[in-house]
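Each structure below is given as structure tokens.
Same chain, two partners: chain A is paired with chain B first, then with chain C.
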Partner chain A sequence: MQAISLFRKTSHQESGFYALFLTNRIQMLYYMIVMPSALVQPYMLLAIVAMGIASQFCLYMLSKWFATPYAAQGYQGFEKLFGKRGIKILALASLPLLLLKISFISISYAEIMQQFVFPSMDREWHIVFPFILSCYLALFGMENMVRFVTIVFIGTIWIFFLYTPYFLVQSNSIHDLYPLIPIGPEPFAWKSLLLVFSSFSGPEFLIAISYWLNPQRKMLKYLTIANAISVGEYLFISIASLLFYGSKYLPTIKYPNVEMGRYLQSPVFERVDIILISAYSFSFLYSIALFVLMIYGASRLLGKTKTNTTLIGLIVSGCAAMAVTLPISKWFWEPGLEQSFWLDLQMWAGSATYLLVPLLVWIAIKRKARTTS
Partner chain B sequence: MKRFVRATLVLLSFSLLTFACSCVPIPENNIIEEITPIIFWSVQGGGEEDGKITISTLVPPLIKVKKRVLSLKVSLLNEGNKGFNLTYYNELKAGQIRLLFVDEAYAKRGLTRLINTVLTDPNISQRLYLVITKGNFNQFLAKHLGETDNIDYYLYRMFKHYEKKKQGEITVVNLHQFMKMLYSQVSDPQLPVFRAEGEQFLYEGTAFFDRDSMVAEIRGKDDQINQLLYRDRFVRYLVLPDLAVTLGHIRAHTHKKLTPDLSSMSIEIDVKGRIDELDSLARIEDNFQFAALTQKIERYLEENVIRLLSQMQKLQIDPLQIGGLTAKPFSKPITRDTWDRHWSTMKINVKVRLHLEPLTKVK
Partner chain C sequence: MTTISLEALKQRLALIEDAEIIDRETTDGLRLTFIYLGTLIDQERLNESILVPLVRSFQSSVEKSLTTAKITRLSNLEQALQYLMKGSVLVHDSSSGRWQAIMLPNSLSRSIETSETETIMFGPKDSFSEQLEQNILLIRRRLPLTALKTERYSVGSLTQTTVVLMYIDGLINPEFVAVAKNKLSSIDFDMFLDSSHVAAFMEDHYHSIFPQYLQTDRPDSCAYSLGIGKLVIFVNNTPFALVAPITLFHLFQSPEDYINRWLVASFLRPLRYLSFLLSITLIPIYVALTTHHYQMLPLQILYVIIESRSKLPLSPFWEAFIILITLEIIKEASLRMPTKTSQNLGVIGGIVIGQAAVEAGFASKVLIVLAGISAISTFLVPNYLVTKSSLLLQFIFLILATYLGIPGILLGLVGMFAHLNGLTSLNQPYLAPVSPFYWRDWVDLFVRGPLHAMRIRPEALRPLNKYRISRRSK
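What follows is the complex of A and B.
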């Protein structure tokens, strides 16, 4: 068996932009899956802005971590902060969260794929093939993966511009965006707020790969830009879909932004949505690969870290993720009740980690600073 | 130990693969020679005998072969779709369906059931044109069975043409627009009406709906005015036979305004265009006469707009989406009942301003 080093680091260049692209892409993952149940009323647009600000708060705490010398030290940094036992507990806790995230993302994407592109094919196929592709991507090692995000970003950001025509459709009127504030006995929308917040989650996993990001003091700037781009994209697509469907019609549609893609017409190719869905897969595949690598890394922390990384180890991590995902997809993911259970679970897990992980790290840094001084 | 790990790995991946393979990928067979995409469905009847409807289509499209009309009496739309497959040697595919013709009688009973069926089919595009037909549509089809008579495709091209760039000759509404109008809290949809007569398929006007059922139909100049009022439209010719005038290349900008207490509405219409035809163009000799003519047309248009709107008020329908204007940034949206009550008694002020090109070159 050839020895490969997935987690080696060779260069030390500035990489604020990688952090920017990573943050933005991971934040934009959920949108097409989650949006329908979250943003059906015009005033929920304000929720996006509010949660964007809340997410900025989490990113601020994250940037504190990036500013410490521990972030650049990788494993040693963690060891200094939490101690050997602490790391093991953290790694153990992160595994189910990562597995849940992978399963949720890949099954939701597979469902869209199955519904719109290959309706007669079983959903499990749309999970197996992307997993194989993701594992292939992960083979290139963490450092290359981090650099690859530039291509992923450029390869998917144009989707954003596809939604501009919806602002110019004839049947639009500004009145579709009213009322802007919730009026009357509306059910309190805390759940939707949580959903939006969890859509912004994801960057907390950057802590695990901060070693490859060559962190520095200016990280907050890049994270803020990434967050602003995500807020902008969310707002843009929500306003477009509200204008296009109106707030009464929108709740009846499960995947508004995919359906909107179907309405686009090109003289060459009619099913623009197929291209759109395939393009979305770019960032989905990338994040699954990233998370699979993280699973491998975390499981190594639980065992022996000194040995070299192996191909088998990576494949086992991939298979483990697939072994969790496939049964969920096959037996526990019926549209309706069970699906919304997973959505709820992911929503809570995502929000909790996004809030707690930076907080935990921040507190650890504070404590460390106090004990050393 | 190593051997154990390797064996586990092989077993694990093998079991995962078999697990995945237990779900066989069966792709739909879409070999072009073996399928027949269809361009339209037409739905007739319904109600008379145990709710059965007749659905028909024309096959094959575009190929230069003698066509035939497929027609079936069914109780569900997709039952017809399935039935077609059983009576025709190719597999019919609904993926290319572009037009849905619905009989007037069916539309009067409500379109929701039919539309929902079409809407839930993921193969069918939201750009499907909806058309209300009168007369015997199947007979009209039967007259167009020649080898080169691609009547289905030509009909689609016609709608496509008039939809694009808002040509403004006929009303064109697709499925998405219909659904948006239907779902908007206080407004109602409208659809084009065509009459099939022998070999011809004539545009008659626009059908107004009360929620999902057709309640009225307007033609001729009412239809033209409706097109001017419904969003800012371009109308190639505005023919006013009563005044013996044709206005050409009309662009209308409509400003609708509701008073806060919903007791009255004012509409200001700016119409830009030119006089294309007059019983005698030379009759206009000076500016004074031109102004008088302009004023006469303005008064005439105002009267007709008011008449059209009061017809809508009487029926308590709102195909012009005026109710949408009641939405305010910081107040509660009103209910359908409240809107109906206010709308039916609303006072309407109309102001038409014509900006016509002066006449040149005429004697």
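What follows is the complex of A and C.
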């Protein structure tokens, strides 16, 4: 099999913009679609702000990693920090989490695709086609993938601006956004908080690709901007949903954000939502490709790291991800179960990794600093 | 290496009808033999500047007799034949036994004409010709700099084509020059009859349908490229120069962009990107809508389409496929046919496609309108090679639209951008300054900013001198 260099690095361009775009796009991946149905009361908007601040804390820890010389050294950096055995344990632990994330986002997106665009086509086809394209994307290697995020950002950010008309509807009333502070005893919405925190997760995976991000000291600035944009986007879409549906009707809708798209119209297209859903695939395809590359990278860490990367290795990684995703979609993604089990699982897993991974790295850096001094 | 002898030369020139071998004796008694190919050299200059002064000379050697001519001393037969085939006169001094070559190439060339491939309303009208020296002159007139370097290479074992690498030393990133030199030196092929042949061997990704070298016949365009830190490659006997490294966005820029008012240019440039997208997606969108997503259309438009398609026996894919293929046949035929008959072809094509196809029930009126818009859109892209590439893309998108509808088109776009993102020109990213992200270069990307705002050269090219203005006036 022909040797390909999936993980080589040639350019030395220092740009925190990639970290910014990556953080933002990964944070806006899936929960953007379902979150409005979880944050049904106006006062829950504050949860977005609160969890945005909590997310900032995790990003602060991440930025500490980027500021160390280890981040720019790639494998050697990790080896210095965790040791060879530590790397293997981390790689092994990351594999199921990556597979879960890939499965969850691809099945969720496939379901939306099936429900709104192609009801007659099996959901599994909506998983297979994007997977093939994602593998093609991943074929260009990590360096190209990191750069490609600029196009993904430009290709998807415009979608939000189409929701502006929901703020301009005459029947809208500012009272729809009250009360911002709950009146009376409200049930503790810890699950909503967890969901919001989980929705901000994803940037922790940037640790794995920090070598290609050309880390620098100003990284916290870019991560903060990305986080702020994500908070803004979540607030924007949640407020639009509250104004459009109202807090009583909102809980009854599964995909409020997508349903809203159905009411967008243009002189040429009456169902703009089909274009929006299709365009949003940009983000999903990109993320799957990125995660497939990470799976391949992690599996190489478990085996022989010194051998060349191969096309077959990448395809096997892609197939492994698909082999996990397709059975879940076929046999374990039942109506009701997907919300109560898979969403919960992803919510817990996402929150845990977002909190623990930066914390682990942060502790490791501190420990290393203490032992070397 | 074989030593030069008259017998050996005669043997090599056997059966070459225009080979001339003449003997002359100078006033001083020097016996000289002149060997040349009559069709390759300027015979008038040979008589006036070489033969007459030499015969009348009282000097003891050719060098002393011809003080103004550029004389090269030859050491072996291969070298002598090389000079001979490039338009030199070989002079043999029998008394000293020396062999010398005097370049006297026939300056046969066409006059400088207007560019036909990149026509502009305002601005310089001159264009390159097949004459290499003339092309270099056109650039030197625009950039009278000693820093403008030219390096010559010879490629092609049969054609011995001269290739000239041109760049501004001290401005261009030396990495580009090193890569280009390396690529030029490693070319191994027999024939190079056009600059595109050289480009094919220098491209990083020869399977791609996107050109990785800009081919232009406009000296002003080349001079501008050199001035911002790119290099230009001239190929002898070709009126097109190669410019590198380029990005996809360079292919959408026209020299007129920098002549028009910046606001006008900024309006026209996005229009070109839009036309390119329309040219590859308009027909596929029609097929996607009529095959899978009728519900996307407003009722009034839906009525028009249903009415238009009501008597058609073909599926939207076959309807579009037949029309697109017919359109391409007509386009290709109009290029190959003699000028006088191509006008008739246009009329026939218009009637056949515009009227007869609709009446016969092969295509709907809506599709004819869309095919027309799509065909016109391709011509807005200034680069002819991109126009041709868009044709292939259109068919790929058509198939995707037929099977996967609008999501298929979006998947195709993602794939196309992924492919473009992986491309390089002279090892430099093809989608810069978007990917890699150089935000300062965006002033001349989707819009053309005012010239005053373009104070620095494109960051993506990493020039050695990044400022375009005097630092003191800044």
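Going forward, the second predicted complex is superposed on the first by the 365 of 373 C-alpha atoms of A that agree within 3 Å, B and C clash if a C-alpha of one lies under 4 Å from a C-alpha of the other, contacts with A are read in each partner's own complex, and residues count from 1 in each chain.
Keep in mind that, in the parts below, a contact is a pair of C-beta atoms (placed from the backbone, for glycine too) under 8 Å apart; a residue touches a chain by one contact, two chains touch by 3 or more.
If you're wondering where the values come from, they're calculated on a predicted model, not measured in any experiment.
Visitor: Both complexes share chain A, so when I overlay them there, do chain B and chain C fit or clash?
Guide: They fit: once the shared chain is superposed, the two partners occupy separate space.
Visitor: Can you report the vertex angle at chain A, computed from the C-alpha centres of the three chains with chain B and chain C as the arms, to the nearest 10 degrees?
Guide: Taking the centre of chain A as apex, the angle works out to 100 degrees.
Visitor: Of the two partner chains, chain B (first) and chain C (second), which one does A:G52 touch, if any: first, second, both, or neither?
Guide: Once the two structures are laid over each other on A, A:G52 reaches no partner at all.
Visitor: Go through the superposed model and pick first if A:L133 touches only chain B, second if only chain C, both, or neither.
Guide: The second partner, chain C, only.
Visitor: With the two structures laid over each other on chain A, which partner does A:I312 touch: chain B (first), chain C (second), both, or neither?
Guide: Only chain B is touched by A:I312; chain C is not.
Visitor: Return first, second, both or neither, reflecting whether A:F118 touches chain B, chain C, both chains, or no partner chain.
Guide: both
Visitor: Who does A:I275 touch here: chain B (first), chain C (second), both, or neither?
Guide: second
Visitor: Can you work out, in whole Å, how close the C-alpha atoms of chain B and chain C get once everything is superposed?
Guide: The answer is 5 Å, the least C-alpha separation in the overlay.
Visitor: What residues on chain A does chain C touch that chain B touches too?
Guide: Common interface on chain A, chain B vs chain C: 118, 265, 270.
Visitor: Provide the residue numbers of chain C that touch chain A in the complex, in ascending order.
Guide: Interface residues on chain C, with respect to chain A: 292-293, 295-298, 301, 404-407, 409-411, 414-415, 417-418, 421-422, 429, 431, 434-437, 439.
Visitor: Residues of chain A touching chain B in their complex?
Guide: 115-116, 118-125, 127-128, 170-171, 173, 175-176, 178-181, 183-184, 244-246, 248-249, 252, 259, 262-263, 265, 270, 312, 315-316, 319, 322-323, 326, 330
Visitor: Please output the residues of chain A touching chain C within their complex, sorted ascending.
Guide: 11, 13, 15, 17-18, 113, 117-118, 129-130, 133, 136-137, 140, 144, 147-151, 154-155, 265, 267-271, 274-275, 277-279, 281-282, 285
Visitor: Which of the residues in chain B end up touching chain A in this complex?
Guide: Residue positions touching the partner: 5-6, 9, 12-13, 16-17, 19-20, 23-28, 122, 125-127, 166, 176-177, 179-181, 183-185, 231, 321, 324-325, 327-333.
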